[in-house]
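Next come two complexes, and both contain chain A; in the first it sits with chain B, in the second with chain C.
Right after this comes the complex of A and B.
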C-alpha cells in the first residue's frame, strides 16, 4: 500500500485513549455516584451511616423487610404504579394510532399540547389536582394517585408509541384487512403483536416513573402512604439505613428490569427490520 | 366501457349464490368499473374510468407513475373510496363495502408478509379470518405450499426466505382465499430481471391453472405485453386505450400509447388530401394507408407513428421508400438489437431498431431512411 492510503476503521485505541477513558469514567461517576453511595451505606453497620465505614452488615436489609410500614408502603406503591402504567399505556395506544395513521388537523399543535404535563412544573400540576379533587373528595387517596400518575405518564407514552407506529408498515394493516380481518381483528392479530415490545417498554417506563414520583402524589395522597412518601417522612427524623437497604433493592431491580427490556426491544427491532 | 351493452339488472342479485329473485336473468359475472373518479384536492387521480374484466381474464393497468393505476387498484380493493362511479364484482356493487368484506385479494408491492408469523401462518391468515375449520386450513396451506414450490419451508420465519420466495408467499397468501379478483400492485418490481422473467411465466401458469381473474398494475410495458389478455393504458387518470396486447402494439390509437408501449417514432404531420391518403411531414408529402386516412380532415394536425423496428435504413448508395435521408447521430449497440438515431433537417429525429447481424452505419454518415406504408399509424 502506498503512503497516501487513507486508514479506515476504528481509531487507534492507544492514542488519546487515556483522556477518553477518564472522561467516560467521570460521566458514569457523575450519573451513578449518588446511587452508589446509597447502596454502599446500606451495608454500613453504624446506625448513622457515613465514611469511614466501620464494618459491613446485611442487618439493614432484614430490618427493612421486616418493617411493616415500609413493606406496606412498598406494596401500595407497586400496586398504584402498576395500575397507572397499564392505564397510561391503554390511553396512549389509541391516541398514538390516531396521531400516526389518521389525518389530524393541527397535528403539530396537538403534539405540543400533549407535552404539557412534562413541561408544566409538577408542583403546579399537584396544586391543580388538589383543586380538582375537591370536587370529588371520595377519590382522594389511591384512586387520585393513580389518576395523577396516569396523566403524567400517558403524555410521553403517547409520544413514544407514536414514533414507533410511524415506522410501522401500513401495508401490514392493509394486507390483513384485505384478507378479511375486521378493524378489531387487525388490532389483535397484527398491531398488538407487532407493537408489543414498544408497549412493554412504555409500560415499564411509566411504572418506574410513577413508582418513584413524590411531589404530585403527595398533593392528592390523603392518608395513602406510598414508598416515596414514607421515605420522605422518615427523613425528617433520623434517616435509618434500612431506607438505604430498601432503596438499594429497588435500584437494582429497576436497573435489571430496564436493561432486560432494552435488550429485548433491540432484539425485536432487529428481527423485524 | 361497454356498460351500455349489459342487460339492465332489474332484480336483486343474491351474492355468491347465483340465485336471482324475480325474473330469470343470468347473473353478471366479472368486474365492472363504471365511471369511477377520485379527486385529491384540486387534482384528479382517476378521471371517469370505465373498464370491464371478464372472469378468468388477465388485465393489466399500464402507465407511468402517477397515472392513477394504483389509485384505481386501491379503489377496487377498498382502501380508497371513489368520489363518483360504481364498481361491481359479480354483479354486486362493492363501493360501500369495507376491504375485509370484498372478495378481492391483493399482492402488495412490498409483499407485506407479517413478520411475526411463519410462512405457513401467513398463508393461513385469510382462511383463519374466514373461520374455516382447522383441518381444512392445514390441507389448503399444504396444497398452496406445493403450488408455490415452497414445500418444507412452512415453518420458516419470513426473514429466513429469499426475495423470490417471499414474493411467492405473498402471492400464495392472496391466492389461497380464492378471490373473485386478484389484484397485483407491481408485484415483481423488487426482483432482479432474471427472477422477474421466471415469475412472469409462473404467474401466468397459476392464473391459467386456477382460472382466476387477475388485475395487474405495472409501468413495465414489456411485462404488460407478455402476460396480459387485455391492457388498459392509463395516462393522467384516464384510460387511453383498452385492448389486447397485439392491438395496443400494432394499432395504438393515441400518440401516448404508441410512444409508451414499445418504441414509436412520432412525426408531426398535417393532413393534405384525406381521400388519397396524403399527409405532409417536414415539408414532404407522404402516403399513408387508406384505412388510416379514414375520417381525417384536410388541414388538421395529426401524428404519424412508426415503430422503431419498422424503420429501414438503406445500404450506402441506395434509398428506401419514401426516400428520406438524414445523418446518423448515434449508434447504440445492445446485443440482440442496435438502435440508430438519425437526424433530419431541423429538430426531427428518428430511431431505428436493427436486428442482430444487420451492418451498422457509422456516426456522421448520410443514410437513406424509409418504411413500408402499411407500418404507418395515425394517432391523435
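Right after this comes the complex of A and C.
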C-alpha cells in the first residue's frame, strides 16, 4: 500500500519515463530525418547524390537558381498559390463569421459541404474538375489551377477561422454595435484587427498547401508548369542535384511558414479566450 | 389603461424585431453565399459530372452517350481493378494500424509528460505535414533506393553485403511513405483526447493502487478512444485514395486504385472508366464515414 503518499495535480514531467521520452525522440527523428536527407544531399559534391558524401558545395543551388525553366515554374507556382490563398481566405472569412456568431439553419448541411472536399480523394477531385473544365476549355491552365486550389483550401480555411472566431468575446462586437457603429466599421475596426493573426495564418497554410500540391494541378494544368509538376517530371529520369537544391529551399520555406501559422493560430486561441 | 400604453410600444417592437430578423437572415445569406456557391460550382458539380460520365462509354476515342452500367460491371469483373481496390484497402489498413501504434505513445507523452514543452512539441509534429507531399515522398526515394541512404549506410558499416532491393518500389515502400505522410494527422486528435483526461482521474486510479500501466490501460486509454477512432478514420480514408506516394514509391508493378484512375484517364483516354472507378472509391469513403459518424460527431461538434 502506498500509504501516506499524496499525489495531486499534474504528473511530474521528470517521471515521464526514459523509455517514453526516448521513443518520442525517435518519432521526431522519423519525422524530420527524411527531409533533412534532401537538404543534406543538396550540398553533396557529386553529380549523383549518395553516401558517402564527396564534399560540400553550393554549386547545385547556383545551378538551380540559374535554370530558366526551374525559375519560371517557381514564379508560376508562387503567383498561383498566392492568388488561391487570398481568394480562399476571402470567401472563407464571411462564412466563418456567420457560422461562429449566428444561428444558422441547416448548419449540418453547410458543415458537410465544407468537409466533403477534405475527405474526397484528391485524384477524384482532379478528374471531376478536368471534366468540368472540358466545358470551358479557355480556363484550363493558370485559372483552372487557381480555382482547383481555392476549392481544396477554402474548406479548411473556413473551419480553422470558424474555430478561432468561436473564442472571440462577443461583448466587443455588441459594445461597438450598441454605440452605433455600422457593420462595415465593426468589421474593419474590431473584427479585422482581432482576427488578423488567424487570417494571416490561414493564408500562409493555404499558400503552402497550394504551392506544393501536385495531382489536382496536373489534371487541369494544360501546358502550365508549376514547380511540383516540373519536379515530378524530373523524377522520371536521372535526378539532378539541382532538384535537390530547389526542393530543400522549398522544404525550409514550407517548414518556416507552417511553423509561423501554427504558432499564430495557437496564440490567437490563447489571447482571445 | 395599461393596455393602451403598451400596445404601440409592443407593435413597434415587433416590427423592429421583424426587421432585425430580416437583417439577420440577409447577413447569414451574404456570409455563406460565396463559399457555398464556390463549393457547389467547383466541387458538387464536378462530382455530379463524374457520376454522369460513369454511365457513358468511350468508343474509338469518342464519348458514347448511351446509358450503360458496363464500366461498373468491368470494375467488379476485371481482376486488375479488383486487385487495385484490394491493395488500396490492405495498404490503408496497414498504414492505419502502424500509425495508431506509433502515435499513441507520442500523443500521450506530449499531452501528459511534456510539461511546458507541449505546445512546441505539438507544433513540431504538425509542421512537416504542410511540406509538399511530392517532396516528402521524394525523400523516401533517396532513403530506400538500392543505392539509397539506408542501403549504402548498411553496406558501408558492413552490416550487409548486397543492398536490399525490396525496400523501394514495393507495397512496403508505399506503407512507409503513407505512415510518414499521415502520422502527424493521427497525433493531433489523439493529443486532443489525452489532453481532456484529467490528471486527477489518473492520480485517483493510482491512489487506488493501480500501477501506472494499469491506470493507463483502464482509465486514460478508454477515455482517449474517440481520438483514436477519429485518427483511424482519417488515416484510412486518406491512405485509401492517396496518389502521390504510391506513384513515387510503388514502382507500378501492383497498382493502387488512385493509380488505376490516372491510368484510365491518361494512358487509355477512358474517362468514363476513370469516372466509374472514382465513384466506387468515393462510395467506399462515404460508407466508412457513415459507419464511423457516431465516433466523429463529438469531435466535429466542438
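Throughout what follows, the second predicted complex is superposed on the first by the 239 of 273 C-alpha atoms of A that agree within 3 Å, B and C clash if a C-alpha of one lies under 4 Å from a C-alpha of the other, contacts with A are read in each partner's own complex, and residues count from 1 in each chain.
The working rule: a residue touches a chain if its C-beta (ideal position, glycine included) is under 8 Å from a C-beta of that chain, and two chains touch if they have at least 3 such contacts.
Keep in mind it's a predicted model, so treat the numbers as computed, not measured.
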Which partner does A:18 reach: the first (chain B), the second (chain C), both, or neither?
neither
Between chain B and chain C, the one with more contact residues on chain A is chain C
Could you look at A:121 and tell me whether it touches chain B, chain C, both or neither (first, second, both, neither)? second
Which superposed partner A:254 touches (first chain B, second chain C, both, neither)
second
Which partner does A:28 reach: the first (chain B), the second (chain C), both, or neither? second
> Which holds for A:177: it touches chain B only (first), chain C only (second), both, or neither?
Replying inline: first
Seen from chain A, its contact residues with chain B in the complex are 169, 171-172, 174-182, 185, 189-190, 193-194, 271-272
Listed in rising order, chain A residues that touch chain C in their complex are 1-2, 7-11, 13, 15-17, 20-21, 23-24, 27-28, 30-32, 34-35, 37-38, 41, 49-52, 90-92, 94-95, 97-99, 102, 104, 110-111, 113-117, 119-125, 127-132, 147-148, 150-151, 154-155, 158, 163, 183, 205, 208-209, 211-215, 219, 228, 231-232, 235, 247, 250-251, 254-255, 257-259, 262-263, 266
In the complex, chain C touches chain A at residues 24, 27-28, 30-32, 34-36, 38-40, 42-47, 49-50, 53, 102, 105-106, 108-110, 112-115, 119, 121, 123-136, 138-143, 147-149, 152-153, 156, 180, 183-184, 199-200, 202-203, 206-207, 209, 234, 237, 240-244, 248, 258, 261-262, 265, 271, 274-275, 278, 281-282, 285, 289, 300, 302
Seen from chain B, its contact residues with chain A in the complex are 77-79, 98-100, 104-106, 108-110, 112, 114-116, 125-126, 129-130, 159, 173-174, 177
